[in-house]
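Following: one structure in structure tokens, then a few remarks.
Per-chain numbering from 1; labels A, B, C, D, E and F assigned in written order.
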């Protein structure tokens, strides 16, 4: 386990930002966070669309997603992160300022999304591409689909996140909300 | 240092909630957080009025306040906390639901504020009174007043929070915003 | 005609809640309201999506829908109701608190919608299933379709509601808005 | 008791609008409503600032205020009214349209407030001045002051409204919120 | 070039309103504006959905659209106009009041849109139909499609607007946002 | 009269921004705009708090203020300006991005306000101090005070702005709204 304050010697603290909806948190997220957390002193994890919950696309509240993430990261001895829920503002030209006002100062954003990349680059932030994980398997959509159809979803999700989902009755909620969409 | 997952043996995780504006984070906050953090497994610290900044009453952004807090808590080896910024909703009857949707599930709220106490109690949450610190000295208002008038404020604020304030030019900002209000 | 204050003898007043968009109010609504109004002392009828009007899916203002309902209920000698327009909040986890702040205290919600049922049950409200009417005939969508295509819609709507629709030029409005959607 | 549908013979239904905050509903309100309700077929009572509650100036939710009003009006055999909660929009030039979208069509507004009078007159609505009641006695402010100070407030409020206030613990709430303001 | 204050002799100033999204400003817009500007003393050009940008359907900010318009109109010696950005309000029944509060008083609206026509007519505004241009060629959608696919779009857009688009890197933005939608 | 496109030879167009509430537009505004308009190619005049009207502090709508300004500027042969109404966002850290999304790109902001200066400087915009006019005489507050008390206000306001105020019944509105505040 790397203690964040030991990592940079004599230099400036480097903070990175990563934005996701985490509906739910899955092994693909964990894998890429592991890598990013090793590159920076502090990794700021933004729980996007924080206002959403109880729809098939966004079943879990920001607080529930926070718990899935923090429990999984602690279990994996990743400790140099902040988790920050951010509600949508629906005005792209103002969105970077919205995010910046709510999170600690950061130096780099990790994203493979072209729009996010464009908007932060225009605002003068360094953009890095995080490594790609297998999106056909590790995607919130696929996890939700499997939950709705009683297929295996545990193998896609860190065990502590799965426990949170079960504690809050998440599978039943997703079935209620699926309405034939899966 | 108490590791949060070791504290409760065989039992349920207990999470507590504490809400403040932290404009800025001061020694009174630190003192009461130390106590609360020893009473629960996880302490959820809500940075209230997160949308505010750059006024004399609310000079710092939610992200800046987050950094003051996390740096100070780490330096004091308090690690079992979550910091969550929450923007005002300005509808008290809906506010508890607003908070609940954004933070992990919690069992108890710590507050000495009568309105907060009433609203959470009505919603079925256990209310505990945190110990009181000396408010004539330890208040955001007093710290801001001293900053505006070049009096000693460092003695009221944890050193890591003071460093954050200085890194972001916080004293100059407060002087600009004071406009004779101090 | 049952006077609401005579119905419960010696006991507590029971209030029930029913939520609809009522675009427009039709005989299916009337039928189910008759039944619910006989089960409780006061029936609170929430006009949902109250901010909407002048679209093909939501052609009528909340005020126009209110009038269709109150005129039809009076004509049917149902008097133990309140009609309350509520604008959407688009945050499901906060929605129950939003509704609760705007309507008188209630004991039971009538709904066949799974999401509504889940959200109110999570908030500790008793959920009852109202009887089902023939949705292939009695649905706002079908009424609007018939209006747009000059088919018979009067047989689906209480006469006083039809009169309101005609007084406000509702059929012409729906034709203008249909744009080939019917 | 006058049944609203019997009152106008052969003519057009006339609807009037009256706006108040009703914090709480008092005898002055009742008196003026009695008069207005006798002048029009239907009286639309708007519960303004519907989003407010749990402050000393606005202690009661819109739903609670609705109940105080409907119980008092029924007890006084005034039945030709609608009660409609409306949240503030804080843009005066748009406010009349906001109100109009949420209430049934109306022909006249009753108001002694100059701004309200100006705005509705500009929008082409007939303005009538309701009779004035003794505002030194019958005002929400005076009722709240007496509640906070344990003085007699029952004599200022219709008995059914007083019962609602007591059922919801309203006096205790006001004392909690008064904070020396009374 | 017609100076606006010279045009009406002895009479009342006539102001007209025209609403568009102008994503981007094209020759069809220019053609119809020429005609309308010759009919009234002042033409108020509302840049609608002003909050939108950086999506494929709404790629340009209100400020960027303003510049495309003003540069093109000046180059064509049309000077009797105001350009006013207006953010959506998403409540049709309130929308006319929203527009009216933000623009100078106007006498006539130019529109071929049925909903716009209905809403302004209901509010007592004279509606005129502007002449129709060839929409298969001159539409924002067609211009954006051509940009995304590297087809000729310059022939559809006034040269000064094309220069603005190139100065801000508009084609690249549209390609980034197209995501296979073109 | 200087035509904006002739002023800069061979170089880049320079645009400046100036923000005011203009309640109402007065000779102090005119004087400083004259100077600023001579320094840049295009002057962007932001009508701030555009959502406000019909209060004593903010009596006029954004559209009315626009008209006062454009009529006065034209009469003074200042033509190289844009007038853009902007509604408040009440989040200072996001405000610069809000403004930027709604106005054409600009290079310099003219302001003597410390907060505005700080926020735009932090965002990398060049700040220039416009010359100061006599604020004891030329202030919206003083003009409104004189209107409310029937003192001479015409001498403080450009004649075309005074005509707009009279055309819309502005003095009567201010008297209605003053309520003893003047």
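In the analysis below, contacts are C-beta pairs under 8 Å (C-beta built on N, C-alpha and C of every residue); 3 or more make two chains touch, one makes a residue touch a chain.
Fair warning: this is a prediction, and the values are worked out from it, not measured in the lab.
Q: Quick one: how many steps at least from chain B to chain E, stepping chain to touching chain?
A: Tracing touching chains, the least step count from chain B to chain E comes to 2.
Q: Could you tell me which chain lies farthest from chain C when each chain's centre is the average position of its Cα atoms?
A: Most distant chain from chain C: F.
Q: Centre to centre, using CA atoms, which chain is the farthest one from chain A?
A: Following the centroid criterion, the farthest chain would be D.
Q: Counting a repeat as over half of the contact pairs in common, which of A-B, B-F or A-F repeats D-E?
A: Equivalent contacts to D-E are found in A-F.
Q: Once you find the CA centre of chain C and the CA centre of chain E, what distance in Å lies between them?
A: Chain C and chain E have C-alpha centres separated by 40 Å.
Q: Between chain A and chain D, tell me the centre distance in angstrom, where each centre is the average of that chain's C-alpha atoms.
A: Going by mean C-alpha positions, chain A sits 48 Å from chain D.
Q: In chain D, which residues are in touch with two or more of the other chains?
A: 51, 53, 61, 91, 93, 100-101
Q: What chain pairs are in touch here?
A: So, checking each combination of chains, I get A-B, A-C, A-E, A-F, B-C, B-D, B-F, C-D, C-E, D-E, D-F, E-F as the touching pairs.
Q: Under the definition above, what is the set of chain C residues touching chain B in their complex?
A: 91, 93-94, 96-98, 100-101
Q: Considering only the defined contacts, which chain E positions touch chain A in the complex?
A: 51-55, 61, 173, 176-177, 179
Q: If you look only at chain C, which of its residues touch chain D in the complex?
A: Interface residues on chain C, with respect to chain D: 5, 50-51, 53, 61-64, 66-67, 70, 74, 79, 82-85, 87, 100-105, 168.
Q: Tell me, which parts of chain C touch chain A in their complex?
A: 90-93, 114-115, 118-119
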